[in-house]
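Heads up, the next two complexes both have chain A, just with different partners, chain B and then chain C.
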Partner chain A sequence: MKIIGEWFVLLPAAVLLLAAGASVVMRNLIHAALCLTLSFIALGIVFIALGAEFVGFVQLLVYVGAVAMLIVFAILLTRPDRLTKSGTPFSGLGPAGGAATGFAALVVLLAFIFSSPLAKKPLPAPASAPVAAIGGALMGNDVVALIVIGVLLTAALVGAAVLAMEDKP
Partner chain B sequence: MTLQILLSISAVLFAFGLAAVLSRSNAIMVLIGIELMIGAANLNFIAFWRFSENPSDLAGVMFAIFSIAVAAAEAAVGLAIIILVQRRIRSVEVDDASNLKG
Partner chain C sequence: MTGMIERAPIEILGWFLGLLGSFGVPGWILAAVSAVIIIGTVIGIFLGLFALTSVMERKILARVQNRYGPNRVGPFGLFQPVADGIKMITKEDLVPRTADKAVHFLAPVVMMVPALMVLAIIPYGRDMVPAELNSGILYFFAVGAGTEVAVFMAGWASNNKYSVLGAMRAIAQMISYELPLVISAIVAAMIAGSLSPSAIVAAQGGFAFGFVPQWFVLTPWGFTACLVFYIAALAEANRSPFDLPEGESELVAGHLTEYSGFKYATFFMAEYVGMFAVCGMLVTLFLGGWQAPLPFLTIVPSWCWFFAKVCFVAFTMIWVRATLPRLRIDHLLAFAWKFLLPMSFAAFLSAACWHYAGRGPLAWLLSLAIVGIPYLILGNSFTNRFAVSRRTYQFSE
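Take a look at the complex of A and B:
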């Protein structure tokens, strides 16, 4: 990969990490959701830059189009700003405990990543995942997984509608 | 660029998500942390696919697509549960949902 191509991955990755970190520490839930949306967009661009265009566009459509909207709607429906009793956005381990646990997990993961011989591999020749090949795989080898995921999505969405439905008088 | 850089980015993303899940009090923020961790896993799938010996096999891409579908179902059910809890106890703070506490 050329220098420009490398920056096409690293730049959105930097945006991804900044937006994700901002969404974790934001006090205002709407701001956190918007930062999360920005990190989803950056992650989709990383996927596209790595050659997985189809996954990148699925990421943009499903996460930015659906999941981010769901989260914003849930925030608006629950109106947490009015309902917060404790006055602090942190609980459980608290900000220090959460940061310490996350940092410990990060250290363990990085230790494994940097001690693995696999991770030192140079970048192979540009790969691509053509949509025709993905469609062939979905209808061929992975057709059972496709059907199961369809049943799962239907059941999950019907279940979500039943859960959130107002009780009839 | 090596695989290490992509895996490190993914590890940082996972750590952010873990910190959010463990320390935030709002249930929606917990869900946002879970979404970040799933994003880190998807980035790993794509990174390993990109650096694999045989990228035309498409295994990593398929895993990422199905993982995104499962994450969408998870978000829908999770947010429905949060709305239900808010209706029951008038709060989305995870500490307030303590009916089973002795």
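Take a look at the complex of A and C:
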């Protein structure tokens, strides 16, 4: 059933592109944030359909559960009065210039991806216990990533505590 | 005989699929039909439990408060859900004129879908998991995160200051209590060595000394993690004593203020189904899932044991609702960050020490100390801050 297998990836990918495009175009900021959340969910489903279960579930847990809420709270707390996007664009490019910039960025990214050594190696066989393999790699060879994440989270917590502390006169 | 009862659901499904296959139905249609039957059965069971719980909760709350509950509709009031359903369906569906119509409509849907999807990975009996996932626990929390988006959508779309405030408080509460929930679940997954719920239930099998069950709740770290999970689950499901977002005397039902009729019923249903799902996860992680407590009780089918345990945990949740007063939002958040999170870390460390210190008395003492000392310190630190000082009264003359 190869056709159905491919549709499991293509359909969420189409939803992802449509939702991301809609979130860029929409006027109402909260609607744009919700479309972005839909694109996060679609990306998680793409990961799961490609066989990367752990990454897919972590994408759903972190992006939909935390980052989407962060975006929404940021919108609510900083501009609760005016929620439609203003008509004047940020730069003088206009829609054609924006599309050209986006296309150029896409070409550059694809060039980097296809010229990297990872694209030339054959796909390794999926591990029998992927979560255990990821855990072993994070504690073994790639422990630097874990330490950096710990430092980053500590910095974020300290920053949040400083922001939330009352100003002493 | 008992083996037949225990395997009855699987055997019936297999017989039906074999019947269809003998009519020449192709394999992939059989797989689809099997999936639809399993999904329909699970959803039907849990919606039936929801209907039963909505009346049992009112009766249990009433009995605790020394009065009868609903007892007019049907024998002992057991047909009350039918009357409630008719009322909810025939109520007028009010949408505020300035509300965001699309988001207002979608919020109950987005709330209900994760609550139902989460039921797919819970093992209901021996070999009875609807979806056998390697990282089932991760799936549970990932899908449960969709509930927070729904709460925000409900509060925002109502275009009502109180709804938005209620939604923000509800989201702050859910995010704060998600951490102790996940960490205490990871404690059980760590000792069992797998994120799959079936493997965690299987790791609690067997009987020590021939008759003592080896459930995780009967160890110091497991008891702590079970209690932390239970309290955090009460908060995630917005149930009392953490029901500030939807208390009537607080923000007029908070994010649910502008919902009436069937949409309110959908929110209600999603909350109860979510409560049962998280009870099912607690039973799976700590109370041994479908395992029987004593060796001679294994004649009772495994799915009977599972539902008995889930109903017992749900009963304790209703009991807690009847007993404890509501927590204020700052007390609630302080409790999560300053007590539950350190206790979940203590349970984590205690479980790791228990695992590596062998399984003898030293391991038990060590894990008990690692869990007990932070509990005593943290508990005392809370009471001292809110200690009542000596009061002096001054009367006007």
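Rule of thumb we're sticking to: the second predicted complex is superposed on the first by the 117 of 169 C-alpha atoms of A that agree within 3 Å, B and C clash if a C-alpha of one lies under 4 Å from a C-alpha of the other, contacts with A are read in each partner's own complex, and residues count from 1 in each chain.
The definition used in the following text is that a contact is a pair of C-beta atoms (placed from the backbone, for glycine too) under 8 Å apart; a residue touches a chain by one contact, two chains touch by 3 or more.
Computed from a prediction, not measured in an experiment: that's the story for all the values here.
Put simply, more of the residues of chain A are touched by B, taking chain B and chain C as the two choices. Contact with chain B, but none with chain C, is seen for A:Phe47 once the two complexes are overlaid on the shared chain. Of the two partner chains placed by the overlay, only chain B lies in contact with A:Pro124; chain C stays clear of it. When both complexes are overlaid on chain A, the residue A:Leu110 reaches chain B alone and has no touch with chain C. Contacts of A:Gly21 after superposition: chain B is touched, whereas chain C is not reached. With both structures placed on the common chain, the touch criterion links A:Ile30 to chain C but leaves chain B unconnected. In the superposition on chain A, A:Ala66 contacts both chain B and chain C. After overlaying the two complexes on the shared chain, residue contacts for A:Leu153 are found with chain B alone; chain C is out of touch. In the superposition on chain A, contact of A:Val58 is made with both chain B and chain C. By the document's definition of touching, of the two partners only chain B reaches A:Thr101; chain C does not. Residue overlap on chain A between the chain B contacts of one complex and the chain C contacts of the other covers 1, 54, 58, 66, 73, 129.
Taken together, the chain A residues at the contact with chain C in this complex read 1, 30-31, 34, 37, 41, 44, 53-54, 57-58, 60-61, 64-66, 68-69, 72-73, 76, 129-131. Within the complex, the chain C residues that touch chain A are 28, 100, 102-103, 133-135, 138-139, 141-143, 145-146, 148-149, 152-153, 156, 164, 168, 171, 175, 178, 195.
Residues of chain A touching chain B in their complex: 1, 6, 9-10, 13, 16-17, 20-21, 23-24, 29, 32-33, 36, 39-40, 43, 46-47, 50-52, 54-55, 58-59, 62-63, 66-67, 70-71, 73-75, 77-78, 80, 83-86, 88-95, 97-99, 101-103, 105-106, 109-110, 113-114, 118-124, 127-129, 133-134, 137-138, 142, 145, 149, 152-153, 156-157, 159-161, 163-164. Note for the complex: chain B touches chain A at residues 1-9, 11-20, 22-26, 28-29, 31-33, 35-36, 39, 42-43, 46-47, 49-53, 55-56, 58, 60-62, 64-66, 68-77, 79-84, 86, 90-96.
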